[in-house]
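Naming follows writing order (A, B, C and D), and every chain is counted from residue 1.
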Amino acid sequence: MGLFADLREAAAGDWRHYVEHPFVCGLADGTLPAPAFRHYLAQDYLFLIHFARAWALAVYKAGDLAGMRAASATLNGLLDVEMGLHLSYCASWSLDAAALVALPEATATMAYTRYVLEKGLAGDVLDLHVALAPCVVGYGEIGRRLAADPATRREGNPYASWIDMYAGPEYGAVMDGALAELDRLAARRLTPARFDELVITFSQATRLETAFWQMGLDEAR
Amino acid sequence: MGLFADLREAAAGDWRHYVEHPFVCGLADGTLPAPAFRHYLAQDYLFLIHFARAWALAVYKAGDLAGMRAASATLNGLLDVEMGLHLSYCASWSLDAAALVALPEATATMAYTRYVLEKGLAGDVLDLHVALAPCVVGYGEIGRRLAADPATRREGNPYASWIDMYAGPEYGAVMDGALAELDRLAARRLTPARFDELVITFSQATRLETAFWQMGLDEAR
Amino acid sequence: MGLFADLREAAAGDWRHYVEHPFVCGLADGTLPAPAFRHYLAQDYLFLIHFARAWALAVYKAGDLAGMRAASATLNGLLDVEMGLHLSYCASWSLDAAALVALPEATATMAYTRYVLEKGLAGDVLDLHVALAPCVVGYGEIGRRLAADPATRREGNPYASWIDMYAGPEYGAVMDGALAELDRLAARRLTPARFDELVITFSQATRLETAFWQMGLDEAR
Amino acid sequence: MGLFADLREAAAGDWRHYVEHPFVCGLADGTLPAPAFRHYLAQDYLFLIHFARAWALAVYKAGDLAGMRAASATLNGLLDVEMGLHLSYCASWSLDAAALVALPEATATMAYTRYVLEKGLAGDVLDLHVALAPCVVGYGEIGRRLAADPATRREGNPYASWIDMYAGPEYGAVMDGALAELDRLAARRLTPARFDELVITFSQATRLETAFWQMGLDEAR
């Protein structure tokens, strides 16, 4: 089924806590307090900056031109398109671009982003992509599930556009690209002993994503 | 007064939250719940492993033989002495060595350690040492202050030996070495513009240390 | 006058050996043996791949969004435009794209490229850009000087198009960007002690560029 | 037979050029010009500094405490013992310690050392150890072969002590440790596709070692 499915199964408990987190439930039924979402959104912008750095590292570590070009395309997409879209979306939630950059990074933001970067520097390109996967693939999985779930509130849900974005075909292509890259790298570099290590990486990264949702919720307490 | 004093002053609020954290107050008056301390202690062992990795990185990045030898001495001290002492101390709190290594890393442990390592890889040797400073120097400052404070409970305080360790002359030498290394590096590499960046690094690292205390407390809730 | 001019003056001897190397003289008067140029050109393609990796590293290390975007633009230019132009140019010298990728890297190619990358990883973003400068700025300086020199042979010089490329306005913009980035970084991170270290980096990188010319010449012996 | 033997067989041509280089033949029969050896020896000291940095990187990248301790022991051996022995040996060849540190690094010294470091940073701990192997294991193989070869001149050969050092039991233990570490890492991380990549790394590192011998010879031309 592919490396991602194997990792998700091996880290099923941590994965469920992440994709079924109360923050996600609050997005689905529209009950998430606005301050929680706004805090999440602002930190997600700072997250994106370090996420772009991780893709630059993926270019450096790719090992061949095809891998370099693929990672570079993602890097550009982030710097030239995603960040602009994110700022527009933030503006629709009354978050000002200048204010965003000046925000202190929350510990949960630092925690996941630096974990990914450091894993990529300490390990190889496969370690890096596995550490990125809970973010890249997880958001797509969450988006699709919520969009397909009849229990998800559509009318008057302020988070409907967020769900649509991650359920949509554009993000789906990003997600499919990440899954394919994982399998391409696994075909070259995966061994049984490494699988056990990658499960730890995947679990840790997943728990750090969960802490990122929780950071949003904690703001609204 | 030296770079460290300047950084501490510039990040005074974050620093006070760290060195006067309720966890620290609980060490001083002996009221810290044992489960909180035990959780902290176990995670601190996992912390030490990554801390040793940071000193290995400091050897790699030192730039001259004197710096390499100084960082290598610290690395050895950690791997050959400190970790053994830490395990003995853990045993006195009924924490088994084999169990420690098998523990999942808490997010707060991952957060600070990977932050330091990534800062060191992204920046230069001065960035790395500034990210390490809240830990290396902070523990010494806390130990000395508690040991000198007449309000600190001595009799029957289960944390008295912890305080003595970080107030003692051996740790004092480690702390003094770190302060001197910061000043040696600052003399070569500090500029006004970099000072502002280093304050951010110092503040962020300090907040991640605070989150490490909090992780201990949260365990005992 | 700017950091580059100061570095070039401090490393004047090494710089002159590089920009006035017999390989360069052979380009100017058209006497460079074709096999020397062809060997150089093929290795320069392998060089470009690692050069692109260095710019990916510059994105990772930039420290702010403006620096990330500038380095990312250069990275894209290399991967999406320069490499294609280089392959076309190689084809005009009967060098086949498939054959190029399969070539073993010459030691001189490995030497300069890995030096730059390792300097960037061991140091900070200023160290990285100084290590890149002899290549980025040197080629522009050589191109402009040869194009302006009445002694340069124009008629029937098989290397005239090479000279024109590096003397032209497009490459000039790349070179000016590199000079401006060096000054921007120097304003933030340069100290007298670091200048001495940067002179060593600049001299070493310059000597490795000289060895790259020499590799071409040696092929035609 | 182990990973090293497989790599050596796959890169047999490059390996033979390295271990049977005229520089090595000159050591065996004592005909190597003293200036060639002295130049080699002085550069080998600068080499050792970067070699120690590579072992610091191996500590950082080890992935477990056992690997960290093994690499750290080698790092210490280099900084605290080997460098002192090397300086004594250099003194016996009239090379002064203060003069050594002030020497400009030869391009061949930069080439191999930075290649190893950069390979370690771009790849994982197995890539790093494979890049180190031609040096660590090659010197032992050369020492043993020359010591066992009846054609090697013993009487009045100024290089006899060099041969004895690398043929001796102390260096043999270093070499055996490196071979065992390669096999331990291969058991965890080797795949058929990676083997092909590791052969390239091994060949490139071997050719850079050959260039290091050649640098010595060229000095005496």
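To be clear about the criterion, a residue touches a chain if its C-beta (ideal position, glycine included) is under 8 Å from a C-beta of that chain, and two chains touch if they have at least 3 such contacts.
Every value quoted in this text rests on a predicted model; they were computed, and no experiment measured them.
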Item to check | Between C-D and B-C, the pair joined by more C-beta contacts | outcome: C-D
Item to check | subunit A and subunit C, separation of their C-alpha mean positions in angstrom | outcome: 37
Checklist outcome for this item: Note: subunit C sits from subunit B at a C-alpha centroid distance in Å of 43
Checklist entry - So, what's the distance in Å between the C-alpha centres of subunit D and subunit C? => result 30
Checklist entry - Using the touch rule from the top of the page, what residues of subunit A touch 2 or more other chains? => result 53, 60, 117, 121-122
Checklist entry - Which word fits the touch map of the chains here: line, ring, star, complete or other? => result complete
Checklist entry - In their shared complex, at which residues does subunit D touch subunit A? => result 60-61, 63, 121-124, 127, 187-191, 193-194, 197
Checklist entry - So in the complex, which bits of subunit D are touching subunit C? => result 53, 104-105, 107-108, 110-111, 114-115, 117-119, 121-122, 203-204, 207-208, 211
Checklist entry - In the complex formed with subunit C, which residues of subunit A make contact? => result 49, 52-53, 56-57, 59-60, 65, 68-69, 71-72, 75-76, 79-80, 83, 101, 117
